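Each of the two complexes below includes chain A, the first together with chain B, the second together with chain C.
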Partner chain A sequence: MDDMAEIREFLRKLLALRGDRQPFSDTSSFFLSGRLGSVDAVELVVLLEERFGIDFAEVGFDQSNIDSIEAIRSLLQSVRAAE
Partner chain B sequence: MKAGIVKYLPPSARHETETVLRAHPGVREAAVVLWESEKPGEEKLVGYVVPDEDYIHRVLGGGDEERKRMQKWRKTFDLSQFGKQAQHPEPGFNIAGWNSSYTRQPIPAEHMREWVDLTVQELMNFRARAILEIGCGTGLLLLRLARGCEQYVGVDFSGAGLKRIKEQMQEMGGLWNGVSLLERSADNFDGFAEDSFDTVILNSVVKYFPSAAYLIGVLEAALRVVRPGGRIFIGDVRNLALLEPCAVSIELYQAQASMGVDEFRERVHRRVRFEEQLVIAPAFFLALQKRFPRITRVEVHPKRGRFDNEMTRFRYNAILHLQPDRDGDVELSFLDWAEQRFGLDSIAGVLRNKKPESLAIKKVANARMERDVEALAKLAEAESSRTVGEFRESLEKGEQRGIDPEKMWALGEELGYRVDISWTASRPDGSYDVVFRTPADKGELLRPGIVWPQTNSDLKEMAQYTNIPGRGVLREKLIEQLREYSQQSLPKNLAPTLFFLIDALPLTADGQVDVHEFPVPPMQEDGA
Partner chain C sequence: MSVALGATPEPGVPQSSGRLARFRLIPRVETYPKIVAFSQTIAGKLVLLALFGLGLSYYGDDWQLTIACLALIAFLPSRRRMLVTFSTLLSAFVFQWKNSSHPLYFIVIISLVCVLGGLLFWSAVLRPRSWFGRRPILFLLCGYAAFVVFASYFPRGSRYYQLIWDFTYILTTYVWFIGYSLLDRNAPDRDDFGLQLGTYRPFWGSTNTPFVKGAGYLRRIEARDAEQLAVTQLKGLKLLVWSILLSLFLDAFNRCIYVSLRFPTIPNALYLSANHRPLPWYACWASLIAQFFYQIISLSVLGHRIVACCRMAGFNALRNTYRPLSSRTVAEFFNRYFFYFKELLVDFFFYPTFLRYFKKHRKLRLIAAIFAAACFGNAFFHFARDLDFIQNLGLARALAGYQVYLFYCAVLAAAISISQLRHRGPAQTGFIRGQLWPSFLVALFYCLLDVFGSSDRSFPLTEHFRFFAQLFHFTL
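Coming up: the complex of A and B.
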């Protein structure tokens, strides 16, 4: 499974645990739209830290940077470019 | 959405499926129904399960889950301190992470300033010398109060927040004698001697506690470290009696005008069901007093403040006093606000003309959230064919009759009365009780308490006074388990693809399961 597919699957499960089984696209908003809450944001952050080595203490945290698949993709790209 | 038609499974298949489902430890009762949509061949096997609540809370949501929830909140705070907003705050006023539930944007600084100022003012009245603050966050209270104390211990589980406090202390300069900061969880009282503080503060933090049991444990420990004559201040508590009006209020703000009323109702329902924070009825603290006699008096009052926001609408401060030798509470006869047809002017008139020593009024309608309470009531009756836009319009016609509690406080100030306002009655309409007394200037610590109107606070279990944070997620976890379990334990055609958790199996008059009373599944969705 490629990185983005893994992240999509992770988000699908987070949504399912909130009883949300509606589909989402790469630009669907998760947090700013309220589909997911701040505790879910932490789950995603932990995945990004542990699985993809992002250190938010260093790069700074802004919820809009993880709000959609598209946003996460560019976050990963910018962090990798900086490495 | 088309309703499905019930199609019966062969009795043997139904029996097999239900027997397997009932064998799952999270299931008390189960029934399966085959639904068919109007489109031929489209069928859906649905499991209706009465869950074992004990399994949900102890197995799925037990100790490990509680610890995990705490860790997630800690991380949430750490993250809020990694953003731009936290980098160079005005010293003593780091409000990074304080976002509005309505706009999901930072709460305006002037609202936060009022919130901090009024909380600090209230705490200063106690003239505390030794304070333990559990959950000192970014130091909003600590940096204002610590210099007036001999000792101030700030505890927080977020290291990132404590680091920000230290930076601000340096920037503000001067000596910070007697201040110590400890990175630890709220239930860790190691090294705190009995009777060693006169005030324990838990401000805007108990909402992050994972359960009522955890809160009781922390308060029990806090009661031991407070010396007689002291108090525990639990600030900015979200009111369980108003959880639903609060959900309606936020969803009504966010919903598109074109949204249908049914979807809107579902959103409100979901917001309540998936509430992640601990929300507490004021009556919880009265019940706590019965359990811990060391508490001699309980005060619960709505937040002060002129700004309209979720804190002033839906939150309160609770103060648990430990004053063994004080005079008894005063018994007053409360006039009923609605029966007396009181308004702010008539109250002012009574105080001005008759100059009574005291005036006590109960059940004053509360202007702050009156609209939200009304919206909740009207939503239950709103027709499905209507839109949120139309629903909003129907609300605007309503007349406001309540009084903002802040106006009562202001009136007292103007006329030389001390004003006490109470929410101890925990009414679901947000109404409050108010007492005007003279003289206004009697010291905070000397004034006698008041016997407030109370609702019945004799629920057997303390846990009934709070919600269960994350309850919705735990129920969804059971559904996920049931889905996997039935796929493994049943032939493919007998494994339900969709589950509903219900309170009880609906029965017909002769005691048979009444399939027509089950919630109807959506047929278009693929159920995956």
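Coming up: the complex of A and C.
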């Protein structure tokens, strides 16, 4: 499973836990739209830290950077480019 | 990145397909293509503004200025953010002019606080690698706390005593807004300070809690085209109508519960309890439950009105209060009851702790972050908000009298921690086991916690425990 597919699946499970089974695209907003809350953001942060080695204390945390699949892709690219 | 406007769910809303869930007291006019199309025309905008003005006039306070600002923004959407700043400054100054005995004096102090916000913002932007640039929020909050301590020990008879305290009061009303602009310092699409200023107690209304967060949030929820603007404004109008309906209900609730049925208020019940003339246990419950519902409805009225104005200005903000009684966990209630206060605690206390400390210990990390937000942050916010206690009682006595609310914060943080650490599995099925019972338990928890939810320092913690015991027919 590639990185984005893994993140997509993770988000799908988070949404399902909230009873949200609506489809989403790579540009769908999760947090700013209210589909996911800050508790879910924490779980996503932990995944990104553990699976992709992102240190948010270093790169700075902004919820909009993880608000959609596209935003997460950009975040991963910028972190990898900086390494 | 745009937010789907048409079907934006509210905070933590499970997608339900039941007939009851689909029922709408106010029709979803933002989904009717003809109405959306009409709302984009000049005549449509005028009708929307007229209806919105009519709704705002129900509340009676400064609605003419607000609707004038909204009209300006509605007809010049390309200048929206700049006009928000203009309207915010205008409304702040007009408010002082109309309501203050020394308007110029307070306008100067407000200007000084805004200049301070600007200096901090530019310092953080221009020197990102400096100690301040890396930890501006810590600097802001520590500096603010130090200033409150300084004010509390300033000699009472001194010439500058009143000036120091007036500055502290105004700074308190702006400190979290300045904080949000500092949080925006590293954003790639960061606004300059002129636009940040528009989020400092914006013209659509706010408490000390920033409604609706800061410039970073506004950029992302702003309507991008005429159709999104029309949909957002229609949602704003709907929310204002809902706010008015709730307000009417609240009036009826007050008349029925507190006038006709003469339910005691919690302060009255506590007073009688402290004077060894306790009310019967059922009367204690009645006062507690009545207050619980009163608080939810009154916060909904306030939040809906503010968010409605924000939406009317073209920002698709989430509601502040959204069906809190349907919450199935303690954490979910906190999110649904006062969304923007919860966001403040999360942004300023939870994430900084979570992302920095105990990273190797998953549970401890979460608990520490929850206590930083729901306990320390919550207590800090309310202690600083109620400055008159510090001014009148002195810092030490104000802190000692704060024991009741500190206890409230500690219990709340512990309950949220437990709620978050429990395994998050699929929800129980069935209406009673899956929804009604968990929601009842959550509401009961918050209702009981409200016994300790007072920050007015009237009675010590022991008196609150005495009242709590009376609910269960015990006498302490």
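FYI, the second predicted complex is superposed on the first by the 83 of 83 C-alpha atoms of A that agree within 3 Å, B and C clash if a C-alpha of one lies under 4 Å from a C-alpha of the other, contacts with A are read in each partner's own complex, and residues count from 1 in each chain.
The working rule: a contact is a pair of C-beta atoms (placed from the backbone, for glycine too) under 8 Å apart; a residue touches a chain by one contact, two chains touch by 3 or more.
Computed from a predicted model, the values in this text were never measured in an experiment.
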Point to revise | Partner chain in contact with A:Ser29 - chain B first, chain C second, else both or neither | key: second
Point to revise | Which of chain B and chain C A:Arg21 touches, first, second, both or neither | key: both
**Study point:** Contacts of A:Ser64 with chain B and chain C, given as first, second, both or neither
**Key:** second
Review point. Which touches a greater number of chain A residues, chain B or chain C?
Key: C
Exercise for review: Return the residues of chain A at which the contacts from chain B and from chain C coincide.
Suggested key: 16-19, 21, 32, 34, 37-39, 42, 45-46, 56-57, 60-62
Point to revise | Complex contact set, residues of chain C against chain A | key: 1-4, 8-16, 183, 186-187, 216-217, 220-221, 318, 331-332, 335, 342-343, 346, 350-351, 354-356, 359, 362, 366, 369, 420, 424-427
**Study point:** Complex contact set, residues of chain A against chain C
**Key:** 16-22, 27-29, 32-35, 37-39, 42, 45-46, 49, 56-57, 60-62, 64, 67-68, 70-71
Revision key, fill the gap. In the complex, the residues of chain A that touch chain B are 16-19, 21, 31-32, 34, 37-39, 41-43, 45-46, 56-57, 60-62
Review point. In their shared complex, at which residues does chain B touch chain A?
Key: 69, 72-73, 75-76, 78-80, 82-84, 104, 160, 254, 270, 273-274, 276, 470, 472-473, 476-477, 480, 525, 527-528
